[in-house]
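Supplied in structure tokens, the structure appears directly below.
Chain nomenclature is as follows: A, B, C and D, assigned in order of appearance, with residue numbering initiated at 1 for each chain independently.
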Amino acid sequence: MIRVLVNGALGRMGQEAVQAIKNSHTLSLVGECGRGDDLYAAVKHSSAQVVLDFTTPDAVFKNTQAILEAKARPVIGTTGLMSAQIAELQAQAKRLGLGGMIVPNFSLAAVLMMKAAAQWIKYFPKVEIIEKHHEGKIDAPSGTALRTAELMAAAREVQMSNREERILVEGARGANVQGIPIHSLRLPGLVAHQEIIFGGSDETLTITHDSIHRRSFMPGVLLACEKVMDLNELVYGLESILE
Amino acid sequence: MIRVLVNGALGRMGQEAVQAIKNSHTLSLVGECGRGDDLYAAVKHSSAQVVLDFTTPDAVFKNTQAILEAKARPVIGTTGLMSAQIAELQAQAKRLGLGGMIVPNFSLAAVLMMKAAAQWIKYFPKVEIIEKHHEGKIDAPSGTALRTAELMAAAREVQMSNREERILVEGARGANVQGIPIHSLRLPGLVAHQEIIFGGSDETLTITHDSIHRRSFMPGVLLACEKVMDLNELVYGLESILE
Amino acid sequence: MIRVLVNGALGRMGQEAVQAIKNSHTLSLVGECGRGDDLYAAVKHSSAQVVLDFTTPDAVFKNTQAILEAKARPVIGTTGLMSAQIAELQAQAKRLGLGGMIVPNFSLAAVLMMKAAAQWIKYFPKVEIIEKHHEGKIDAPSGTALRTAELMAAAREVQMSNREERILVEGARGANVQGIPIHSLRLPGLVAHQEIIFGGSDETLTITHDSIHRRSFMPGVLLACEKVMDLNELVYGLESILE
Amino acid sequence: MIRVLVNGALGRMGQEAVQAIKNSHTLSLVGECGRGDDLYAAVKHSSAQVVLDFTTPDAVFKNTQAILEAKARPVIGTTGLMSAQIAELQAQAKRLGLGGMIVPNFSLAAVLMMKAAAQWIKYFPKVEIIEKHHEGKIDAPSGTALRTAELMAAAREVQMSNREERILVEGARGANVQGIPIHSLRLPGLVAHQEIIFGGSDETLTITHDSIHRRSFMPGVLLACEKVMDLNELVYGLESILE
């Protein structure tokens, strides 16, 4: 059993993670920390091998440093680390010979979707994204849709020429992100959904991801906590541990 | 057998209609006219009971007058008639005691979709439209999507308050048509598709119409040619003859 | 405010209903009963105008009798009443001049879907149903799918001839319910979903209902509690109070 | 320009291929053969580098032998070759140092779909297939659905236990192919469609392929004719030349 401590255990993701680790047959929950606790001391005291961090953007850099100093492997689900900070943490992990992961999106399905999308665009360069979320989500487009569009734009090998368009009502063709339109729906009854539609000659190919609860992140959280034991560097993204 | 003459028989819709009438067991094709033919004389000579018109906006008013004068029942699939012209034609039809139909959309499915949408919005006032068309369609949103949104907005009984939104890339939330967002996709491999998504409490209800060829208009064309025989006034829209 | 008592208040649906009534601006919760309580006395004591019953098949007949005797209007969400029992209860309600409702499915969306389906089949007689549910649902097809197929078969006006089929693996074409195939999927990540696909000439028309929580029944529950006040007989099905 | 001869040029696929090669900027059509022509002589006479074969199961083995003997590279779109025949042709191609391809499915999209499906099932072992085709298709399930299920079953790493099920109407749960249910719909208005739905913890991931015309095979046909020039053996399946 891998010994895991959860930092940010009272947050929404933290609570789900605590529950998921308790139900796991390969991981053992050895501690829960929150705001105000001494993370370094808690890691030392619990002999945690892995520390899962779901805290806040302003705390995450110091937390990751403390985890590494305490000789545990960080699995960071908190957003907000800047490139320079990531580089510094990677150097620190290398010095200490410790594996670790920074994971902006723990959804295995979302990562598989993005990997396939970046591959398929080579054969089907014309693509649009529809993302649908619950009414409470005020940002549009969603972060996942933006990231998907950027990954696909980077992988697209052909130059796209502009279509002639006559826009009768502004906004009809969605948000243009590097030539890829994103359409954002916000309605009650929805949770978190994304469709990527590739248009070809008399055919379309579509990937759809429907998530109805943040529990859907837990298989990715558990997988990261297991796989981080085999790493000896600090890597970025769940995709780095998928085949 | 009802005797039908097709005006505009060489156009794309006209050709399909000629074919469909030839295959029909209730309609008989008694004539085909085109640009340059004398429509009045052709109707008289063929003893047509119904004249189906698929011509051009600049010709449709005079055509409809000629059809009525020749004592046939017009079924008008050509767009471009203005309100005042429609009123004048309705008065003429009434004087002559002749039925007739002006049909902007012969798709039975589209009409059923719009009728249901206008009814459902009373129970589910939050709704968005996605319409997807082939690359060659330069207008956005589509005419059907605009008409659907207008019909729903007119039927909606509650006042919608504005959601808080943070638009990260302009256009993400689509075209706002009377408070109903329309999202327009344009891709190869698509033909003509529309989804209307109603959001409720932990549920959504969706109508989807997928059309892959203009042949899909023909059942509506045939139905109109049959039902116009039972009318004694000039009516507007396929919906006027559906139950 | 309409005074409502919930019978079966500790069950899953009962708890949701209690919560929904507490949040309502038109209904007032005046009592909660459960197994072992004297329902007649509780109705009398609370002066409830409406009693909402979410109990068990073996108790529902006696419960409905008691509600009517106590001069309240029953809204029955419990299944299990037989035709003869319903007739007897309707006679009792009539004698007492009391409205009431027996509602096997409180989902407004499901009822709208079935009404549209029964109408559309007149124009599109070829139709199939796909229903998708969570892994825990052992019955297949779902009750809603069966009921939808029966309603459509009853409304279908044309006689369907058999297609030639070569079944390579048994079951491929689904469950045949009066000539309408039903396909049942059972997977984790799903909750309760149904699609009705109508096939036409080069087009399809589809209704999709996605429900992700039993809270989706609550708008129908609240509507029934309000509308029952305007009734003076015991009616069956939410459809009887929809326009 | 690569010199291509089409054998079976008058069949449906052959005609489409002739048209597609005429429109290509990298391929040049140097000959068309049909039933009764001497294929070996035609290849020699036209100096074709690649021969595309869309003929019949009884002719395909001899055709492929003749193409190789004439020192051209075969791209075989005809089905019906048996394993032993394929092995023999592969030996012949090797002896002659000639590349070639046997391609049961030229749809790039279908091949990408199957590759992704075989990968995703490692993370999402619970999966079902829905395939929808036009009324005229009498076989069920479709060949593509069967092949997809077999590929996924072979890639699935976990042992699936049986769910408890209560089948109210026979066939509801579809065709069971190695533990993967396939649901086959047949309706007018459909062409060729397949969905693969992976069920996870509170999420689903779906691939959908919609093809509306056999023209959708042409990009795969053209790609095969180009890539076969770089091969020096006879390979099977379009997947062997995709990255």
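Just so it is clear, a contact is a pair of C-beta atoms (placed from the backbone, for glycine too) under 8 Å apart; a residue touches a chain by one contact, two chains touch by 3 or more.
This one's a predicted model, so the numbers in the text were calculated from it and none came from an experiment.
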Far-end chain from subunit A, centres as C-alpha averages: B
Size of the rotation, in steps of 5 degrees, that lays the CA trace of subunit C over subunit D: 180
CA centroid of subunit C to CA centroid of subunit D, Å: 46
Distance from the mean Cα position of subunit D to that of subunit B, given in whole angstrom: 40
Centroid distance [mean C-alpha coordinates] between subunit D and subunit A, Å: 35
Per-residue multi-chain contacts in subunit C, two or more chains: 189, 198, 200-204, 210, 212, 216
Chain contact topology (line, ring, star, complete or other): complete
Residues of subunit C defined as touching subunit A within the complex: 189, 191, 210, 212, 216
Touching residues on subunit C, where the partner in the complex is subunit D: 126-128, 130, 132, 135, 138-141, 146, 163-177, 181-190, 197-204
In the complex with subunit D, residue positions of subunit A that touch it: 107-109, 112-113, 116, 119-120, 122-124, 198, 200-216, 218-219, 242-243
